[in-house]
Amino acid sequence: MTKSHPDLSDIVATIGRDMGAHLGGGKVADYIPALARVDPRRFGMAVIGCDGQTAETGDAWMPFSIQSISKVFTLTMALERLGDDLWKRVGREPSGSRFNSIVQLEHEQGIPRNPFINAGAIVVTDALLAGRPPAEGVAEIRDFMRRRADTETLDVDPEVVSSEAATGFRNQSLASFMRGFGNLHSPVDEVLEVYFNQCAVRITCRQLARAGLFLANAGKDPINGDVVTTSKRARRIAAVMMTCGHYDASGEFAFHVGLPGKSGVGGGILAIVPGKAAVAVWSPGLDEAGTSYVGAMALKRLAAATRWSVF
Amino acid sequence: MTKSHPDLSDIVATIGRDMGAHLGGGKVADYIPALARVDPRRFGMAVIGCDGQTAETGDAWMPFSIQSISKVFTLTMALERLGDDLWKRVGREPSGSRFNSIVQLEHEQGIPRNPFINAGAIVVTDALLAGRPPAEGVAEIRDFMRRRADTETLDVDPEVVSSEAATGFRNQSLASFMRGFGNLHSPVDEVLEVYFNQCAVRITCRQLARAGLFLANAGKDPINGDVVTTSKRARRIAAVMMTCGHYDASGEFAFHVGLPGKSGVGGGILAIVPGKAAVAVWSPGLDEAGTSYVGAMALKRLAAATRWSVF
Amino acid sequence: MTKSHPDLSDIVATIGRDMGAHLGGGKVADYIPALARVDPRRFGMAVIGCDGQTAETGDAWMPFSIQSISKVFTLTMALERLGDDLWKRVGREPSGSRFNSIVQLEHEQGIPRNPFINAGAIVVTDALLAGRPPAEGVAEIRDFMRRRADTETLDVDPEVVSSEAATGFRNQSLASFMRGFGNLHSPVDEVLEVYFNQCAVRITCRQLARAGLFLANAGKDPINGDVVTTSKRARRIAAVMMTCGHYDASGEFAFHVGLPGKSGVGGGILAIVPGKAAVAVWSPGLDEAGTSYVGAMALKRLAAATRWSVF
Amino acid sequence: MTKSHPDLSDIVATIGRDMGAHLGGGKVADYIPALARVDPRRFGMAVIGCDGQTAETGDAWMPFSIQSISKVFTLTMALERLGDDLWKRVGREPSGSRFNSIVQLEHEQGIPRNPFINAGAIVVTDALLAGRPPAEGVAEIRDFMRRRADTETLDVDPEVVSSEAATGFRNQSLASFMRGFGNLHSPVDEVLEVYFNQCAVRITCRQLARAGLFLANAGKDPINGDVVTTSKRARRIAAVMMTCGHYDASGEFAFHVGLPGKSGVGGGILAIVPGKAAVAVWSPGLDEAGTSYVGAMALKRLAAATRWSVF
């Protein structure tokens, strides 16, 4: 990487400086206190190449709430556990709707459009749980995340979990709805317990980029050699990230950034550069679609400067 | 291209042979006679590299009706004419709906989700027409297509035009609807005259791949040196093809093929391999989403064999 | 009527006075000039009993544009011409949507929910036209209206017709959409020519109440003895007026007034008091659902004072 | 009543005989065992006049599950408790959708269209509960029903309650969804406990007609003199029954029967004849919209024979 992009560190540093003028843009998620009180002016970015080289800027080592970016990892885990049978329970088409819409579920018999809208991610978590006790599912996801991020310290924020459980009416509604169609096998409360935990993992940009690196490297972790998934499956997960990773703003992200990505309401974004690198950015202010405002801007700059767009 | 893929001709030839077992699959479009009477067992494929090398199989030199693939070319033309102002009149998000759905238009004030669903393409054609007489618009599009395909023989099938005009009630409905919202400037009949003509262009796989090559080469035609559009715009058009090129099956195409593409109800598909090549396939039988059944299968094989997926 | 309601003239006169404080309320339709320039402070009301007695107040003799109230009369005519076969082409359920929504049509294969939303009324007009030249349909409707209103002077406002034709993109869209589903037999332009003419009839409250009287009298005109329709059919038309007569505000009208009614964007409302009377009110200002604001208020007062609610 | 309808007993007896040929028509609700095992060939009808006279046929004294007909009584109770403020939390428009649709809720911010679809009835129950313990709400509803039906024996079927609780995922989804919008004040489980209990009341046709009589008599129970609600409110409840009492088949019921009514999935229907009588029918087989097939047929006959249609 360093040879073809000798200036990557410079590019990242420049982006870090340029973002200074935009800090505080967007609107911090405020539906739970633990998210609402995050400093809106934070910004971090970390890039890790398939060759292990890294570049960082800003708050790249400050933990934030992973939220929906966790869906990429549970999808990988569920596909490894169930294989392509998972696709009988969730589609892989853009929904054209907001992250928590229930309309399409009613028209399509409880089968969510894709694994990255909330309904789809809840099904994926249910599939991964496979009837086991919630604590077992939570531990498995946490351990997988730790292994991928190459850290033992990564953990769940219990305050976020309990806040989500107390206010997550829409997710309860989605889960009950799908259970009514037989597309949720464990009880609603148990699936949501796992789901709220996976979303409450605290992670840094540095760890997140590291955790996603296998998707840039044909399913194999280039640092420790773990074969996380097959090459074909890694490409397909990236394809779903491209078409569905940002809810009803996925087209915009593909248009402006041109990389498979997944955003979270905590302000993080994971982007994959196939064959080259994984990138994580974080800044808490969100645009209307729920994607980090400054984070997306930084990725757009990065893609332009590196010519990493896949198109 | 030939060096990194010394066996491309072999790969294409093998795909041609393998498709023999699937010919006749899918369902030929039958809403107008000119399409309905096409032999369902036809199959052609043509690949043209940015270096000018080619590989072909089957009916690669037999003309077919370009239909919705024309939307890629009119989008390019309209962007060159209007610049990014075009995006005020049409979005770039997957619609999650069928190619001719009107539901979203009602909910979103007559602004179509993207330029590749019918409503969006009609707006693009109206923008390109810019109030001029329809004949002028038709000639401009035909001449652009001829230049891109490097042939003077490419022409419109008048029977298809008149059939479309006689049966195109849904397109008339979409156009009238948008005109009611002020998002169509020319009269409905004039815009549709141009639209029906652009869809009725007869083209071969060989010509179609040639015509799309600028999108694989950063906006510049690598054969004759024409700068068709900017590098940035070419990438963005490819991004919209990836997320929206196949209506409510765009996710499937990205998942299985991993290339920006655009399908037409005539059975053709244009796929772009950024930096490498353009590919055209044709086989008249369609799947439920209106994409060539054998054509998509051939592209899936090609992407697997060449590792050309962008992911 | 006078015996059971000796004070009807007093009630109507009082309502006329009381409405004085509300004149100018609501918003006059302004999508065509001929409607927009009507004085917003006009108000008229006319009641005609099945015994022929009348009571009036305000501008009861001033003509206004009948608009959608014409749908009641074309429905009657079409039912007489086609019988219950008409119901294969249009439903009789409230739509839950605005008067010009197209969403439900897409979900239900081009069959409109009821004959009083625009799509349904266009189908009814097409059924009534039955392939004949538009002028014949226009003349038939006008003659029927004249006979019902007991006047030779009632006529179409040509300015309104031409304005509607020039701006009626939504109705063109609805008609084209249904023609695409085979639920419109005459060409779109011909059906809309008749439809725009029927909506442009100029009528007074006095004439309108007279014209609707057969619906209050079991299908028979109590004044001249004409059997306009059967008793059963008259009751059923009234039932559809109750559940569907005011688009997505039909429930409100039933709740507050308790009578079958039909409103028009010209500010008129026809209400039926089964077995007793027909009532017409007119005041140009409309509420959000497109019903006359002062007119509905007057009907609410009338129903309260006379205890004419059917409930 | 007997004077104006000396033959009411004959009419009812004839209907009872005629229905014999249709018994077993429709499809018995089978989503819970307690409903599924009801004999599909049962049919009962009871009419009670405002003068206290009665006419019955068939299984008029056999108890069945009241199900959604309970919504009429909880609406009355909640209106008495909260007054018109209730209408801030639930509309009174036909929804145009099935009884358990969630689509409209998403588009309209958690405010259900009317109190007779499930979502609306759940809000009404929540409003009636007003934060009290569920047992208190259940007892209040049961006591109200007993008083109205003039019987101490009327009670809840515990098997139905527990089956509903175990399978009521859709209702849980609706309730969670509305709680997410702040339109449910008590916890979802508590509201649904009351709701499932109110739907599980076992009642006979004889009792149900008796219980609904106040709605035919301007809000006052004509037998025991209880003023249940005001005259105005009774008429308005009847109006909502007319426009919304049968979900997306309310228009059909108004068209064919012409009376305010409310159906339940247990096969019962309550119909109100304003100023004259209350009618209850029961037969377990349902049509596609969830209304008793034979029951609706019997009411259609009754309305035709008695000329009781309000239109």
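A, B, C and D are the chain letters, set down in written order, and residue numbers restart from 1 in every chain.
Convention: contacts are C-beta pairs under 8 Å (C-beta built on N, C-alpha and C of every residue); 3 or more make two chains touch, one makes a residue touch a chain.
Quick caveat, the model's predicted, so the values are computed rather than measured.
Peer 1: What chain is the most remote from chain D, judged by the mean position of CA atoms in each chain?
Peer 2: Measuring from the centre of chain D, the most distant chain centre belongs to B.
Peer 1: If you average the CA atoms of chain A and of chain C, how far apart do the two points sit, in angstrom?
Peer 2: 56
Peer 1: How many angstrom lie between the CA centroids of chain C and chain D, rounded to a whole number?
Peer 2: Computed value for the inter-centroid distance: 32 Å.
Peer 1: For chain B versus chain C, what separation do you get between their C-alpha means, in angstrom?
Peer 2: Inter-chain centre distance comes to 48 Å.
Peer 1: Could you list each pair of chains that touch, in label order?
Peer 2: Inter-chain contacts occur between A-B, A-D, B-C, C-D.
Peer 1: Mind pulling up the chain A residues that touch chain D in the complex?
Peer 2: For this pair, the touching residues of chain A are 101-103, 106-107, 169-170, 172-177, 179-180, 188.
Peer 1: Per the contact definition, I'd like the list of chain B residues that touch chain A in the complex.
Peer 2: Residue list for chain B touching chain A: 91-97, 104, 113-114, 234-236, 238-240, 242-244, 248-252, 254-255, 258, 260, 272, 274, 309-311.
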